[in-house]
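What follows is a pair of complexes built around chain A, which joins chain B in one and chain C in the other.
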Partner chain A sequence: MSTERAAHDFPIGLGGAPRSYVMRRTGATVLAASAILLVLTVFLFPYYWMVTSAFKAAGDVTAYPPIWLFEPTLENFRELFEDLGGLEALRNSLIVVGVSTCLALIIGSMAAYALARYDIKGKETIALEILLVRMLPPIVSVIPLFLLAKKFGLFDTYTILIAIYTLMGLPFVVWVMRVFTQEIPRSIEEAALIDGCTRLQVLFRITLPLMLPGLAATVVIVFMFAWNEYLFATMLTSSHAKTLPVVAAVTVKPRAISWGVSSAAGVLMSVPVIVLALLAQRYLVRGLTFGVIKD
Partner chain B sequence: MGVRLEGLKKRFGRVAAVRGISLTIEDGEFFVLLGPSGCGKTTTLRMIGGLEVPSEGRVFIDGRDVTYLEPRQRNVAMVFQDYGLYPHMLVRENIAFPLKIQGTGKAERSRRVEEVAQRLHISGLLKRRPGQLSGGEKQRVSLARALVRNPSLFLMDEPLSNLDAKLRITMRSEIKRLVSELGITTVYVTHDQIEAMAMASRIGVMDEGLMTQVGTPLEIYDHPANAFVAQFIGAPPMNMFNATLKADGSFEVSPRFLGRIVAPGRLAKIRPSDAPRELWIGVRPENIHLESGGGRRNGTALVELVEPLGQDTYIYLDSDGVKMIAVTKRTSFAVGDSVRLRIEEGDVHLLDKATGENLLPDRAASNPSSCPHTS
Partner chain C sequence: MRERYGPWLMLTPCFIVLFVVGIYPLGYSLWISLNAYHPTNPSFPQGFILFENYVTAFFDERARHALGVTALFTFSSVSLSLVLGMGIALLFNIRLPGVAIARALILIPMLVTPIAVGITWRIMYNPELGVINYLLRLVGLPGQGWLGSMNQALLSVIIVDVWQWTPFMFLILFAGVRSLPKSPFEAAAIDGAARWQTFLYVTLPMMRPVIVLAVLLRAVDSVRTFDQIFMMTRGGPNLVTDLASIYLHRVNFKFFDIGYGAALSWAFLILLLAAVIAFIRYTGFLRRATEAG
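Now for the complex of A and B:
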C-alpha cells in the first residue's frame, strides 16, 4: 500500500518530487556506485596483476617499486607451452573436464528429474546418500583410488579422471537440478500432455527449456570444480593425462617460483572459465532470479 | 460427447482417493464435481483426462473405452487451477501450442489463435509472456489454449479459485456463456458450492471418494440425499437439531417447538424400530421466519448477533439453549430482542444420525448414475 502511494506521489522522472527527496536519491546512487567500485577493485585487481605479470619479462615481475608500464612479451607463454607441456595439459583438461561435466549433467539431471517427479520409495534417503558422497574429503579416497587405478591399468588415463570428476559433480547436479525441477509446476507438464504431447515431446519442448537456467548455472559450477581440481589430477597422472592445474603447480618450486610462467598458467586456466561464464550469463541471471519471475 | 465412468477407483499407496464411482455425463452437459478438499473430485477429473490411471474401473468418452489411453489420444482440453501456461513461450505461442503439436499449418494456426483471442478479449496480450499477465488474464489465456483446438471434452480443475472474489463472479458467468455457446461437454471441479450452483446443469456431490448425490442444483439444494449434502450445500449451512424417535412412537426434539411442526404423519413413514432412533432435524436458515407476533406452533428465541450483509441479514439465535442461524432481508431486530420463529412443515428435513441418510427425501435422486439430465 505504502509503495503504491509513493509511486503515485512521485511519478517517474521525479518531476514533481520535493528537492530533499531528489537529493536523497542521488546521494544513495553515488554511495551505491562507490561501494560497487570498491568491491570490484578488490576482486579484479589481483586478476589484473596476474594478467600483466604473464606478459612481463622475468625481471619486471618482481621489480620494486612495481612497473606499471612495460613492454609485453610472450616469453612466459613460450616457456609454459614448450618446456612445460602446457598445450597438451590444456587439451587434456578440456577433454577430461568437458566429458565429465557433460556426463555429470546428463546423468545428474535425469536422476534429479526422477527424484523430483516420481514416487520412488525412500527417495529422500537416496537424495541424502548422494549428497553424502560429496561430503567425503577427497584425501580419504585418493590412496584407495590410486591403488585401484594401478591395479586396473587406469593410472594416467583420461578414463580415471573422467570417472572421478563425473562422480564429484553428480551430487551437486542432482541437488541443484532437483530443486529447479521441483520449481517447475507439474501442471505445466500435464498441460502439455493434455495438449497432445508425448512424454518425450514434453521433456524436449517444455521441461528442458524451463530447466535451462538451472542447467547453465550448474554447468559453470561443475566445470569449475573439475577444472581447478588438483589433488586427484596430480596423484593419478604422471605424463600422458596430466591436466593444467598439475602443470601450473610445477611452476611453483620449493626454491624458486617463476612468477611470470605461473601467471601465464593462471591466465590460461582462467580463460575457458570466463568464456563459459559469459556464454551462460544470460541464463545465469535468469537462474538466480528464477523464483522471482516464475508464475 | 458424453462421458461414462464405471466403478472407477483410485488408490495412492494405502490411501483410497476414489472408492468406486459410476456416472454418466450426457453430451453437451455442464457437469460439476463438487466436494470438500480431499474428496477425490480432482483425482476423478484427472482419470477422465488421462493424467491418472485408475486402479479399477473404466472410463468411456463418447462410447470409446479410453481407460488406458494417453491424454493426447482422448482429444480433451483441460484448464488448470494454476493455469499451467508455458512460461518460456509468448501468449500467442501458448495458445497455438496444441495446434502446433497436431501439425496444423502456420497460417491456419495464426487464424485460429486470432479468432479465439478475440472471443476471449485477449488480442492485445498475444505478444506478452505469461509472467507479465494478471491472474484473470492468465486464466483467459489458459481458456483460449483449451478452446483453440475444438476439444470433444472440456475439463476444468478449480479454474477460478486463484482469482479474487469479484473477478471470480465475472469469469464464472463468462465461462458458462462460452461453454453453452460452443455446446462442449464440460466437467468442472470445484469446492465452492455457490460456483457449482451457479454454473452446473447437474452437480455430483462427492465425499470421501464416493459420489454422494447427483442432480440439478435445485434438486440437490431442496432434497439433499444425506446430512453431508444438506450441510455442504448452502451458505450459511443448514441448521441441524438433535431429535430422538422413541420405540413407542413419541418424539423428542430440542428446541421443543419443532415437535409441534413435524407432523406425526410424516414420522409414521419412517419404519418403526425397537430401539430409539437418533435423528437430525434440518432447517435451512432462510426457512426460519422471524415474526413479532406468535402463532400456536411458533417458537421463541433470543437474538444473539446480527450481521447485516446488505442484501441479506444473518441473525444468530438462541432458542432453549439451542443455537441456530436465520437469514432474512433487512430487519429491525437487534441483539437481545426476543423473537417468534415460524417454520413451515414442508421446509423441515429429517435425517438419520447414524447413517446420515435423508429419511424423507421426497424426490431426491437415489441412484446417481441413472439420474436424468435436466437442464
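Now for the complex of A and C:
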C-alpha cells in the first residue's frame, strides 16, 4: 500500500524505489519546488517593495534605477506619526475596530446560538437575510448613512463607525458561530440545564468555551474587514475620528505620492492583520466561507 | 415561557443593528431616490419627482459604460484568479520541507489593506521611476504606460485585483483539494488515467461545490471594488477604469447629485441581486449549502 501511495504523492524518503523512478521523482520534485519559489516571488514582491520603501530615505525611495541595498531609516514613520496625525489615527482605529469587533461577537453569537439551537419559524430566511448584508456594496449605503449621521449629530464620531463595523461583522459571526454551534452535541448543554444552569449560563459557560476555534476565526475576519475599511471611514469622519486608512489615503495627492510615507502607512496597517491571520491560519478558511467549508 | 421568548430575545440585538444601520439607511436612500436632492443647487431642497431619477438613469450612457467596465473587470479578475488559485492549490499540495511556510506566506496579498495595495501598485506602475518598468527594461522590453495608458489601465487594475485575491481563491480551493477522498484517485490510477484526465474527470467534478462558493464570494467582492481603483486611477484615464462604485462616488461627492446617486445605487443593487440569484439558481448552490449545513 505504501508503494502504491508513493506513485501519487511526492515522497521525501525514496529508499527502495528503482533508480530511474527515483531520478524521475527527484526531477519532478525539483521542478515543483522551483515553481513554488517562482509563485512566492511574484506574489510577495509587491509587499517586499512596500516594506523596503517604508524604510528608505526620501532620496532613495524614488531613485532610478531602484536601489536594492540601502541604509534603513525611520524617518517615514516619524513623519507619519508626527506630521500627519498617524498616532491619533492608530488610536482611533484600535478603539473603533476593537469595540465593533467585540460588539459583533457578542450580538452575533447570541443570534447564532438562537438560530442553531431553537426551532424558530423561518430561521433559514433570517440567516440568509443576515448574509445579504455582506453583499451590500458600501458605496450604496454610504450616502444615506452620511446624511443620517449629519442629521443626528453622529458625523465624525466613533459611534457611527462602530455601528457600521458591527453590522459589517455580523454576517460572519452569525454564520460561522451557527455552524460551530451545530457541531457541539446538545447533550452537553442538556446536562448543564439539568444541573440548574439557565440558557444564558449554558451559552457563556459551556458552549462559548467549546467554540473557541470558531471565535478565533471570526475575530480575525471581523477585525480584518473593519481594520482595512476605507470608504465609510473617509466619508463619515473629518478630523476627530479619522482611522488609519484615511490617513494613508491622504498621503496620496492628486498628482504625487510621498512614496516613503505612503509605504510606511501601508506597513503599519498591514502588519497587525498579517500577524493575526497567520496565527489563526488554521481557521481562516472556515471564517471566510461563513463556516461552510472545513479545513 | 422562557423557551418561547428566549430565542427572540437573543436575536433582538442583532435585529436592532440590522434595522438601524442596515435597513433604515437603505429605506432612506430609496426615499431620496424619488426626490430631486441636490444640496449645492440654489433651489435646494427640490422635492418629490417620483421616478424621474430612474428614467434618467435608464438613459445614462456613463452608467451603462460603468456597468460594462464593472462586468468586464469582475469577470476577468474572478476567472483569472480562479485558474491561478486552482493551479497554486494543486502545486502547493505536495510533501516538501517548508511548503507549509509557503502556504502561509502566499496569503499575504489578501491581508494587505486595499488602500495600501492601491498605493504600492501605483508606485510600482510609475512609468518613469517604477520598479515594474525597470524590470521590463532590464530584460530588454520597452517600458509600458500602465495606469496612465488608455489601452492598459483596465488590464493594470485587473492585474492588481488578481494579485490580491488569487491567495483567497487558493486558500478556499486548497481546503477543497485537501478534503477530497483518496479512493477515486486510486481508482483512476489503477484504470491508467493520465494526470490531466484525473484532473478533468475526477478532481474538477468533486471540487464543484467549493469552486462555486469561491467564485460567488469572490465575485460579490470584486463587483464592489473601490479603494484600490480610487487610489490608482479614480476611473481614468478617459473613464476606461470607471467601475460602478467609482462612478457612484463621483455622482454623489463630486456632482453632489444625491437624489440621482441614490436612484443609481438602487438600480445597481437590484441588478446585483438579480445576478446573484441567477448564479445561485444556475449552480444549485443554495440547495447544496443548506443540505451540507
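Note that the second predicted complex is superposed on the first by the 217 of 295 C-alpha atoms of A that agree within 3 Å, B and C clash if a C-alpha of one lies under 4 Å from a C-alpha of the other, contacts with A are read in each partner's own complex, and residues count from 1 in each chain.
Rule of thumb we're sticking to: a contact is a pair of C-beta atoms (placed from the backbone, for glycine too) under 8 Å apart; a residue touches a chain by one contact, two chains touch by 3 or more.
All figures in this text were calculated on a predicted structure; none of them were measured in a lab.
Asker: Once the structures are superposed on A, label A:113 by its partner contacts, choosing first (chain B), second (chain C), both or neither.
Answerer: A:113 sits against chain C, while chain B stays out of touch.
Asker: For A:176 in the superposed arrangement: first (chain B), second (chain C), both or neither?
Answerer: neither
Asker: A:84 in the overlay: touching chain B, chain C, both, or neither? Say first, second, both or neither.
Answerer: neither
Asker: Regarding the shared-chain residue A:280, is it in contact with chain B (first), chain C (second), both, or neither?
Answerer: neither
Asker: Give one of first, second, both or neither to describe whether A:215 is in contact with chain B, with chain C, with both, or with none.
Answerer: A:215 sits against neither chain B nor chain C.
Asker: By the touch definition at the top of the document, which applies to A:161: first (chain B), second (chain C), both, or neither?
Answerer: It touches nothing on chain B or chain C.
Asker: In the overlay, work out which of chain B or chain C sits against more residues of chain A.
Answerer: Of chain B and chain C, the partner in contact with more residues of chain A is C.
Asker: Thinking of the overlay built on chain A, is A:241 touched by chain B (first), by chain C (second), by both, or by neither?
Answerer: neither
Asker: After lining up the shared chain so the two structures overlap, which partner does A:138 touch, if you call chain B first and chain C second: first, second, both or neither?
Answerer: second
Asker: Starting from the residues of chain A touching chain B, keep only those that also touch chain C in the other complex, and list them.
Answerer: Common to the two interfaces on chain A: residues 293-295.
Asker: List the residues on chain B that touch chain A in their complex, please.
Answerer: 49-51, 70-72, 76-78, 80-88, 97-98, 101-102, 130-131, 138, 142, 145, 149, 155
Asker: In their shared complex, at which residues does chain C touch chain A?
Answerer: Touch residues, chain C against chain A: 2-3, 6-8, 10-11, 13-14, 17-18, 20-22, 24-26, 28-29, 32, 88, 91-92, 94-97, 99, 102, 104-109, 111-117, 119-124, 128-129, 131, 134, 163, 166-168, 171-172, 175-176, 178-179, 185-186, 189, 210, 213-214, 217, 220, 223-224, 226-227, 230-231, 244-245, 248-249, 252-253, 258, 261-262, 265-266, 268-269, 272-273, 276, 289-290, 292-293.
Asker: Give every residue of chain A touching chain B within the complex, in rising order.
Answerer: 185, 187-188, 190-198, 201, 206, 209-210, 293-295
Asker: Flag every residue of chain A that touches chain C in the complex, lowest number first.
Answerer: 4, 7-12, 29, 32-33, 35-36, 39-40, 43-44, 46-47, 49-50, 53, 62-66, 106-108, 110-111, 113-115, 117-118, 120, 124, 126, 129-130, 133-145, 147-148, 163-164, 166-167, 170, 174, 178-179, 182, 199, 224, 227-228, 230-231, 235, 244-245, 248-249, 251-252, 257, 259, 262-263, 265-267, 269-270, 273-274, 277-278, 281, 284-285, 288-289, 291-295
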